[in-house]
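Next up: some structures, all given as structure tokens.
In what follows, subunit A forms one complex with subunit B and a second complex with subunit C.
Our next item is the complex of A and B:
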């Protein structure tokens, strides 16, 4: 039997009925604002600008100015050890070098690929894991949810330097506990950080371990927003827990997942500490991510123009990824 | 009388104020950036205490960072007002730092004293275009380090003198079932990868750079690339056991310390790390000159030096105070028995001092230390690591190529071609 549908009403009609229910009598009282004089409007505008100025000024000073400066410097040859006045305009030469066949281009492209792979793997592991752990923490059937939530979040609070030092020892190929434990169950020692085939994945595992608690808390926050009545209705209709997850939980977590994915992408692209502290980009550049490479080129070698071109490319790539994420997830939402 | 007394007091007050203002102008707060570990920093602090007692008003603070962060720290904060006044640097960085006006040229008296008291080659490594920029302190060379116990167990009577003997020893020392490798490579650390390779290359009669141009396309270089390929392909060297971390320690060191690596080529400065890691087992470690390759005539190593430089953007007073402190620290009166305080600090780490009077002061100890003997024997034939503009980029590029060959991503032939092409492009670009 088809459900009865509510007749569509225009916004004007809805507003009118809402006003009528307001209890102002049969004749609805028109909504009106006192007419402002141009002087008042000017004063209002000035006060708005005055209140916004500190925040927007700070943003402009510490975000926009460096960003514009970096974009400008990317078209120059400039040593970071000299003043801006020494920057020499060279057009797109830096960007051409990034795409060229020399070691500049090869190293940049390898770092770009490593960053992309690290980001994809991190997000692909963190987001589903956070939902899974969120469900585990959020459930009320078994005790210990709050303890588990605390344990999971605690990894996020540990300073990265401590995490990096501990994990570098855990991963040690000969003395490391992980390989020793694997040996107990008959698995041969793994190379972890010592091989270009496994080093980046090892850093991803470290990142997932550290970050998943934070994203689990986000997932739990999203889960608490879903009305329990929906699950009750679904159970009455005979929906299995699996179906409830796919048809209720996941769609209603969409905004949370979008936020989590965006934050996870940004965090992953900015990875620096584990690489700087443990692998130094090696072996064979396999963990040389863009932030570390930009630091090496722009600061260690003082090639400010080239480093700026790399930073601009990274920024543009990040913008494209974030816009795509929003577009894909939002479009799917509208289709529903 | 009263007037005279008043005049005298006023005169005395003015004189006191003038003297105090002079002493205030002379007193300076300077800072010293280094990559030394905590034990060595303690020795430096002790020397500073002695200096401050003799020079009231002058204060020197030490800032220590890991080796991997030293150049970055120097570049990010070195030129600013808050940057270190003094920094210990590796000679290969000097041309770039001079070009970027980060370090100041030594005053004439400091330059004259340094020229008179250090070997000419070391002074040259601390100079750019004839001007001295730093006071040299340590000099490092490379030698073959081997584990005598493992040699005995493998039936090897003496350290290898040629590459053939070296490969034969590596084969005997390798036991994959026990996770033991004959020769330890190093990766993930530019100098750790490059210096042993360069030492084998010069011991085979080759060079990295001649007159500012790379010569990695030589026959000697070809044979050195092929040696590395053979070591890995035969399983005598396991690149997975070769990783280094930001503190220039890590699995490559752990494996030698724990007796899983039979031989390794390393610099003299790591003696303190070996002693700390091995304890009594350090007695098993012996050193020998680098084996001579088929195109070589004598055992050689590369050498490099470190120096202390002064921040060019520090105030004139700070720069003067910095040079004064460095002259004292490296001078013959600051240490024991005619040695400098710097010499004492270096010798505590097993590092060879470069000042002529320090070498004489520590002569007996250098001659009687069996570990350092392998290094001092090779010092006379050592070839300085090339100091060129873009040296760091050149080193990192060659490091990547050698690591790619270690992990089988490039053949020896490809590695040699890539190394030469990249080096040519890098050095030409940086020379512009």
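Our next item is the complex of A and C:
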């Protein structure tokens, strides 16, 4: 049999473009099985189930079931050390605690606020930076661009635990090179991870350093989709590069920016390793973020019901944020 | 990949020079922490405690690397990490190929709905399911063991999505011809479809391997302090707490360097597939 090559049929191309416009919801019509006998259809039903069963079953069992359980458990008082049958229904009491005046509520709201701040700072730094770096990689002659892309992206492959370890040393007030370098240009030493005012920002910087390469690759992917004829036409009309960026590049990068922002938000709320390893939520709870707090409450203190209520609040907040991002950034098609 | 670069043809000599300089500066900043990690691992304990810090080790030595093995069972941790990463990766590639093929080439009731539901799980932070999942693996008798780390991670939505994107491009004629020849669907998938989407398989292999080599939250939770089963990233964090007394930064940096090597080496050799697959999922998604 001859070795098949990557196909480029017109039908496939048409479908691709349809997906890109439709987003997640609308999918192209299937291509296969034009005419079949009933026997063939029976055979295909069996193979459909066979092909889908492993992945769908595993995801249903280990993602969807626990998600539903989290929602159910959030209305109960339940110790994580005991079976699900010991969960006692207490209505909205957990959520009342989260909003209430006790230390449960105060700690949770502080963790929620820290996570929100961390997320906003991370996204606000990563997305614009990734576009700038993406432009640089995209415009530069091939070898330089590829080298830069490789270096930037390789940090995304490094275990976050190792990143946290290394940065804890870089940030070290006396033995660390960052304060030393600041000293060379006359900036006084900073407190970094050791002060409640700077600890969270220090973790944001570490996160931006690790993740920006991935988003740069996304941005480059978006930039390559913009037809060069648009830029040629703009140049003929005498548009400056600055104007080209605002009128062509940025609007046509809209879907990429939306995707980047959504992924950056979801990555940001997962921050755990630097907090677990270096700060343990401190100093003075300034880096106590939700993933760390929920695990501490739900696993270490075994308050499964309360932890689940926190997880549900996080999930609902995420849904709101993502819906808002889509509402603000989504390409409405008519602007093309 | 041949890409038209819109501004390039206008660039003059000095512009190219300035761009090159800018690239070098950014690359140095980006690489600095990792370079610092490797350099620190080669320093003596005295050097790594000096104020102000010295950048280059006076007499580079591998003592710290030798010492890591005394503090944590390094070989065992590496084997644990390799086990976790290899089993999950293999399973994810197989399950994703199968489901991706079904979503790309079969027509069945509720397909779009099911696909959307699976894709939605891609955006669910693991912490949301962590607490009940921990109890569930407890019921299955998997807690405190490597199997508990692996079993919930044998399939994922990203893999299905990636495979579907690529398999959609495989011509139906190729598949129909094999059907006429009487090939079973499994044979068609693994003998005909899979070879045509090798770049996607390579990309998914690397993504899954790196993700599970690096993962920390779930192993830390499910292993319940059973240090024999710790992957390298958790052993690394134990190195830090050991180091609090000993004040030997070199030790921690040596451990970090070792843990970083497998994913980064894989990436450097196979980065093209990563990049192409991000284009396939990010832009077209």
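One rule holds in what follows: the second predicted complex is superposed on the first by the 270 of 336 C-alpha atoms of A that agree within 3 Å, B and C clash if a C-alpha of one lies under 4 Å from a C-alpha of the other, contacts with A are read in each partner's own complex, and residues count from 1 in each chain.
FYI, a residue touches a chain if its C-beta (ideal position, glycine included) is under 8 Å from a C-beta of that chain, and two chains touch if they have at least 3 such contacts.
Since the structure is predicted, the reported quantities are computational estimates derived from the model, not experimental observations.
Residue contacts after overlaying the shared chain place A:67 against subunit C, while subunit B stays out of touching range. After superposition on the shared chain, subunit A has more residues touched by C, the comparison being subunit B against subunit C.
Once the two complexes are laid over each other on the shared chain, residue contacts for A:299 go to subunit B and to subunit C alike.
Once the two complexes are overlaid on the shared chain, A:277 sits against subunit B and subunit C alike. Contact with both subunit B and subunit C is seen for A:174 once the two complexes are overlaid on the shared chain.
Of the two partner chains, subunit B is the only one that A:103 touches; subunit C does not reach it. Looking at the shared chain after the overlay, A:80 reaches both subunit B and subunit C. In the superposition on chain A, A:324 makes contact with neither subunit B nor subunit C. Touch criterion not met for A:233: it reaches neither subunit B nor subunit C. The interface of subunit A with subunit B overlaps its interface with subunit C at residues 80, 168, 174-175, 276-277, 295, 299. Residues of subunit A touching subunit B in their complex: 79-82, 102-103, 107, 168, 172-175, 191, 193-196, 276-285, 295-296, 299-302.
Looking at the complex, you find that subunit B touches subunit A at residues 68-69, 71-72, 75-76, 79, 96, 99-102, 179, 187-189, 239-246, 250-251, 254-255, 258, 260, 390, 392-393, 396-397, 400, 403-404, 406-407, 409, 422, 425-426. Contact residues of subunit C toward subunit A in the complex are 3-8, 11, 16, 19-20, 22-23, 26-27, 30-31, 33-34, 36-37, 40, 48-53, 55, 94-96, 98-99, 101-103, 105-108, 111-112, 114-119, 121, 123-136, 139, 151-157, 159-160, 168-172, 174-176, 185-186, 189, 192, 195-196, 210, 213-214, 216-217, 220-221, 233-234, 236-237, 240, 249, 252-253, 256, 259-260, 263-264, 266-268, 271, 274-275, 278-279, 282-285. Remark: subunit A residues 3-9, 12, 15-16, 19-20, 24-25, 27-28, 30-33, 44-45, 47-48, 50-52, 54-56, 58-59, 62-67, 69-70, 73, 80, 83-84, 133, 136, 138-141, 144-145, 147-155, 157-163, 165-170, 174-177, 180, 183, 209, 213-214, 217-218, 221-222, 224-226, 228, 231-232, 241, 255-256, 259, 262, 266, 269-270, 272-273, 276-277, 290-291, 294-295, 298-299, 304, 307-308, 311-312, 314-315, 318, 322 touch subunit C in the complex.
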